[in-house]
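Next come two complexes built around subunit A: one with subunit B, the other with subunit C.
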Partner chain A sequence: MSAPVLTEQAVPPVVPVATGRSWYGYLRQPSAALSVLVLVVMVVMAVFAPLIAAEPAGAGPDVLQSPSGAHWFGTDDLGQDIFAQVVWGTRTSLVIGLAASLIAIVLGTAIGLASAYFRPIDAVATVITDVMLALPTLPLMIMLAAVVNPSVWTLTLIIGFFAWPEVARLIRSQGLVVSAMPYIDGARVLGASGWRIVTREILPAVVSLVIVSVLLTASRAVISEAGLSFLGLGDPDAWSWGRILLNAQRSGVIAIAWWQTLFPSLAILLLVLAATVAGMRFNDTRDPRRNGG
Partner chain B sequence: MARFVLSRALKAVLTVWIAITSTFFLLRLLPGDPTTLMVEGDMTPEMQAALLKTYGLDRPLWEQYVSYLRELLHGNLGISFRQIQPVADIIVDRLPWTLLLAGSAFVITIAVGIPIGVSAAVHRGRWLDRTLQALGIGGHALFVPSVAMLLLVFLGARLGWFPIGGAIDPDTRGAAAYLSLVHHLVLPVLSLVLVQLGPYALTLRTNMIEVLGEDYIRAAQARGLSARRRVWKHGLRNAILPALTLMGLQLGTLVGGAVLTETVFAYPGVGRLIYEAVGQQDYPVLQGAFIMLAVTVVIANALTDMFYAVLNPRIRL
Partner chain C sequence: MRKTVKGRWRLAVALGAALSLGISGCSLNEGNGSSSGSTDSSVLRIGTTTDVSNFNPLQSLSKTDSWILNAMYPHLLRIDENAKKAPELAKEYRYEDGGKTAVFVLRDDFKWTDGQPVVADDVKFSAEMIMKYKLGNVAAKLTWVESIEAPDATTVKFKLSQPYAPFAEGVGFWMSIVPKHVFEKAGDLSKFPNDSNWVGAGPFVLDSMTKGQRYVMKRNDNYPLAPGGKAAVSQVEYRVYPDVNTMMLALRNGDIDLMGTPVPVSAAKTFEGDSKIKMVKVGALGFAHLTYNMKNKYLADQDVRQALSMAVDTKSIISAVLQGDGQQMAGPISPIFSDYDNTEIQPYPFDPAGAKTKLTAAGYKDGNGDGFFDELSFGVACDQSNANITRVVQLFRESAAKAGIKLENECVERNTFLSRTKNGEYDIDASQWGVFDNPMDQLRSTYLSSNPGGINYNLLESPEMDQLINDAAGTTDAEAFKVKIKNIDKVVHDQAYLTPLYVENFQFAYNASKFTGFVPSPSDLLGMVTAYSLAQVTPVK
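This part shows the complex of A and B:
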């Protein structure tokens, strides 16, 4: 019998990865089902934006209309439809939120796992993580976004690059628990390489935490994108919820056109809340203490 | 204790140094590096070279870095591109307003968050507790400009209860000036407190529930101490320590929130300065503002940790 086979057999499933049954249990919680529904609706809105509303461009005749049958969310001072702006803004928010979150997850998981298993890396990684967590991230992102040409991709890179420390910290703390378990020692005794132990033994044990992190990090990324766009650092060619708020702020008619502020704000709230609740419920579902092992 | 303070101060200095160094090199390595941005398009090559020489930008990168650090230590953050004025002077004018805004929000969040968090922990499952759980999660989803702009529209512009911008009415004197100051501060502070309060109080509740299950609380009960004394004296003291650290860690977020709030209310702090500098592409101001805010946050964080050490007998000894 070769060593790797033995290793596999020696591994008890530390944290069960979501199976069909637990997915059912997950979605049976009303708050989880509702959050997933909101997320699905948002994704559909983003993908089919051109079918739902024409891309807002140029000036229209209906200036500063309050919400009505013709303009569900009203119009702005240029006569553009706010509903169309919000629908198109969903694209930017979701793309940047997900892509930045993926960057942060890949970096954070790699750094978190490496520092959980390799002591010398841990010392350096912890210092860097602490420094980045201690700094005011928004002014830092503003400074970089102001220097580069603002586009959806540069924003994604900037946001993703500053979102990994939280992920790294989370994955590291869970990874430390796992790497202290006897079966890791077992794998080492059987001659498994460090790379193999990290990728084949520790990673599977933290994978559900990674899924939770994707949702929570994406929701933070959405907020960051909205903040940068609100400060005028967004992609000038893409609609975004932060940009609608910036327009409302700049138009000088903010007191009359409350709808220009309210509807993009609700969109941000709904998306971030849904992602957060979906992530937290998922975290509860996989927690063995909550469902009796 | 002295050792703790010293090591904490060293850590703060190290953090600031790493922040300054990495942003210096990052800004120089990015495709749109500030030196090329400063050079106007219609300049002749000779004028460009002269300009680069004036700013010392023709020297090797590491030499620039060393002189940049030396200047920083002397409080020189460079010259603003747009207003021909030292960046440090511009920021020092604005910083007190940001400190006032963020500081007030910090203190109010703690002062209001503690009683809410403790009551929710003591009366678990009751209405306050359930409301707090919803607000604690919802707080993470609140976008600061949204809250600030809605407050501005409804409480400021429509109802006219509070001023919609600025920090003080310049025509007031004496006591009226202080009143005006507070009056202008209400909505910006409220925006920050509304966003921070829920998550903060929820964390305090979680800590408190853990502490109330400890043996020494049961021992206090056995000794016949009243519930009030157990909770507020023994429990809170231990629950507040992690909550204080948490608040320290939130300082960076708080400063980010202040940048956005100041933009909404045209509040004359560093945040509003950043917004203006973005519009004018004034990079030295952006870099200087980041450094000053980073230094402020790191110092405040270190002070929070030292305060923690004073409160915590395990470190104090």
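This part shows the complex of A and C:
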């Protein structure tokens, strides 16, 4: 293993608290502002889904209608409105994306920080992380999801459980740099306990990286959820973008009802793109080389 | 400033890439794909969904396997366009000895592809091996056989322990006849893979295969059921398309000439306006149903089952999920068996309010006021790859909620579903029965406590039902037999052991500009690809 200082570029030990000014600087970048706007719209759509469109249910006479004024995104083979399905799908996708990413972040940050500061833990945790990273996650997720009863919560747990190693790896490398800083030695000399040093000194120094990870992990989780639902392993009672795609594929209408695949795909694309761009821009703003700091 | 420009640019590239992906996705179906492979006009290319999992015709239970195997190994009887039994290898059959001996008289002009004639000994051998090793679903149909005799090359006699009315029909239709001189060398037939050097007596015999891609079958130059003594098509090629969308595009693009799988109702529009593609409609030999697990304390209550039956809107399911292309059923006997279907019974009316009243009267309560009866919460298991059934479960869940019954959608991945079905791990089973060739075998497999067919999804153990079924099975008088079947139909309906959903029609699509002359049979197991049908096909000149 390489020396800690070589794993990542040095970062200032200064806690980059998101002050009003830095938020302003962040949002002044058009790509950041746009992606944040998209994320906000998605969240609003998820929260107020019942006000925007009635929950898709039952069967209607307008079967496989192309997009029109009455049905913005067209209808499926049961006559249900695709727009309503996409809006309600936002809920599932966001809930799973966020919850799974929180699981991954909590696990990953804890393991990453522990291994960055406590040497004995590092040896074990690194091996586990490496093994987890080497595992073919998609086949494993498919297997697990097929065995358990598919529901929003089991999916969240499965996706979250397989997403933590990347976070752990990222946090560890940053944590190693920070824990080699003189002020950590200072804290130790002053008699601070290991717990205090990790939670009060190192954690704040990596918190912006955690925020970036939340966004990136969430976008990966959304893709995983859509993928599993498309394979028929999603919650059959919850609308999700993957399920809309599955319905189209299963009923053999992909060739004649482009709207049934295009709109949920666009929604996935928009959400993932927005989360990724927002995360990347955020990472940029805290990069000292860019800020001349 | 430089930074923002770069950011904007990246976003534009990402969006551009996404859009072009979308556009190329759409152009997939514009029919500009070049057709590959053989262009010989007498090669019939058929789309199938999956690889052959078992080449042993005595053992295999898979639908897609049977398409290929049935073209190779003859059966004694076949099912014709009108769902009636017709002669295939057997010229005729009769009962002797008061119904205790079934006699098949074989044709003398069938030949195996290695030159040997197909004789009565082959039939005797096939049946005896099935009984010895308990192979496939035919073993249960041979239960009563005490001995089999082949007095001459064209006569086979099955001696039965008791008369069983539909014995000859069931065995004649289901049992594949294999060449004794080839299969007896294999020893234990339950382990015989039969995956090379095929010898068959059907119109086509497998010649080569590429797993995951194609199965090439060569014409048998001696097939007496084809006009002219052999099929007009020189070669049949099965090509594997796991996804139905891709298969439909392949048909439109001319990569295949016939879809083995039916076209989903929702997708029928795909071929509208395509003058080359023709659709043929056939009936079903099975039906879709909701079956209640009697081991569940609440589902064992007749009132609950009847209430559930009143909470399914079969009419709107047929009009929405099948686009109106299906028939309603009342009891468990499909209307296709018109002699046995009890027309006096009526389907339970769709009446959620009535169901609620019934349950309240039966003592069920909604103590916590959530709109659902406290005890009545069930999981509905289904195979999520079945488009129609998953839609049915979705609609059933919504309509049952109106009757105060909480249902959970447990449509899961196919293999999980099959293993749950096998182990009885479900409350309500929503599925589709593929092929019942006669009502007696159906009732035996679905309601006998001994569960001989393995599809007693009710897990019903009722001495009364056993008695009714066994009594009917031993009845040789045709009229009395009909009356007894109709009575069981009524009992099952009153008990509401199951809620029959619909008998659907299947639509098959083929390229009529290249081939003609298919003789379709009902069901998606038989459809356009029976041995008889393939032997009648001629290329369009």
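Going forward, the second predicted complex is superposed on the first by the 279 of 293 C-alpha atoms of A that agree within 3 Å, B and C clash if a C-alpha of one lies under 4 Å from a C-alpha of the other, contacts with A are read in each partner's own complex, and residues count from 1 in each chain.
In the analysis below, a contact is a pair of C-beta atoms (placed from the backbone, for glycine too) under 8 Å apart; a residue touches a chain by one contact, two chains touch by 3 or more.
Please read all numbers here as calculations on a predicted model, not as lab measurements.
When both complexes are superposed on subunit A, subunit B and subunit C occupy overlapping space and clash. Of the two partner chains placed by superposition, A:I52 touches none, neither subunit B nor subunit C.
Of the two partner chains placed by the overlay, subunit B and subunit C both lie in contact with A:W258.
By the touch criterion stated above, A:D130 is placed in contact with subunit B alone, subunit C being left untouched.
In the superposed model, A:I121 lies in contact with neither subunit B nor subunit C. Contacts of A:L203 after superposition: neither subunit B nor subunit C is touched.
Once the two complexes are laid over each other on the shared chain, residue contacts for A:G227 go to subunit B alone; subunit C is not touched. Of the two partner chains, neither subunit B nor subunit C is touched by A:L107.
Look at A:I268: by the touch rule set out above, it reaches subunit B but stays clear of subunit C. In the superposition on chain A, A:P139 makes contact with subunit B only, while subunit C stays out of contact range. Taken together, the two complexes place residues 146-147, 149, 231-233, 249, 254-255, 258, 261-262, 265, 269, 273, 277 of subunit A in contact with subunit B and also with subunit C.
Chain contact summary for the complex, subunit A toward subunit C: residues 29-32, 34, 57-60, 63-64, 77-79, 146-147, 149-150, 231-233, 236-237, 247, 249-256, 258, 261-262, 265-266, 269, 273, 277, 281, 284, 290.
Per the touch definition, subunit C reaches subunit A in the complex via residues 3-4, 7-8, 10-11, 14-15, 18, 22, 25-26, 28-29, 243-245, 248-249, 263-267, 269-270, 316, 319-321, 323, 384-385, 387, 390-391, 393-395, 397-398, 408-413, 415-416.
Partner subunit B is touched in their complex by these residues of subunit A: 127-128, 130-131, 133-140, 142-144, 146-149, 219, 223, 226-227, 230-233, 242, 245, 248-249, 254-255, 258, 261-262, 264-265, 268-269, 272-273, 276-277, 280. Residues 14-15, 18-19, 23, 26-27, 30-34, 37, 137-138, 140-146, 149-150, 152-154, 157-158, 164, 249, 251-253, 255-256, 259-260, 263-264, 274-275, 277-279, 281, 283, 286-287, 289-290, 293-294, 297-298, 301 of subunit B are the ones that touch subunit A when the two sit in their complex.
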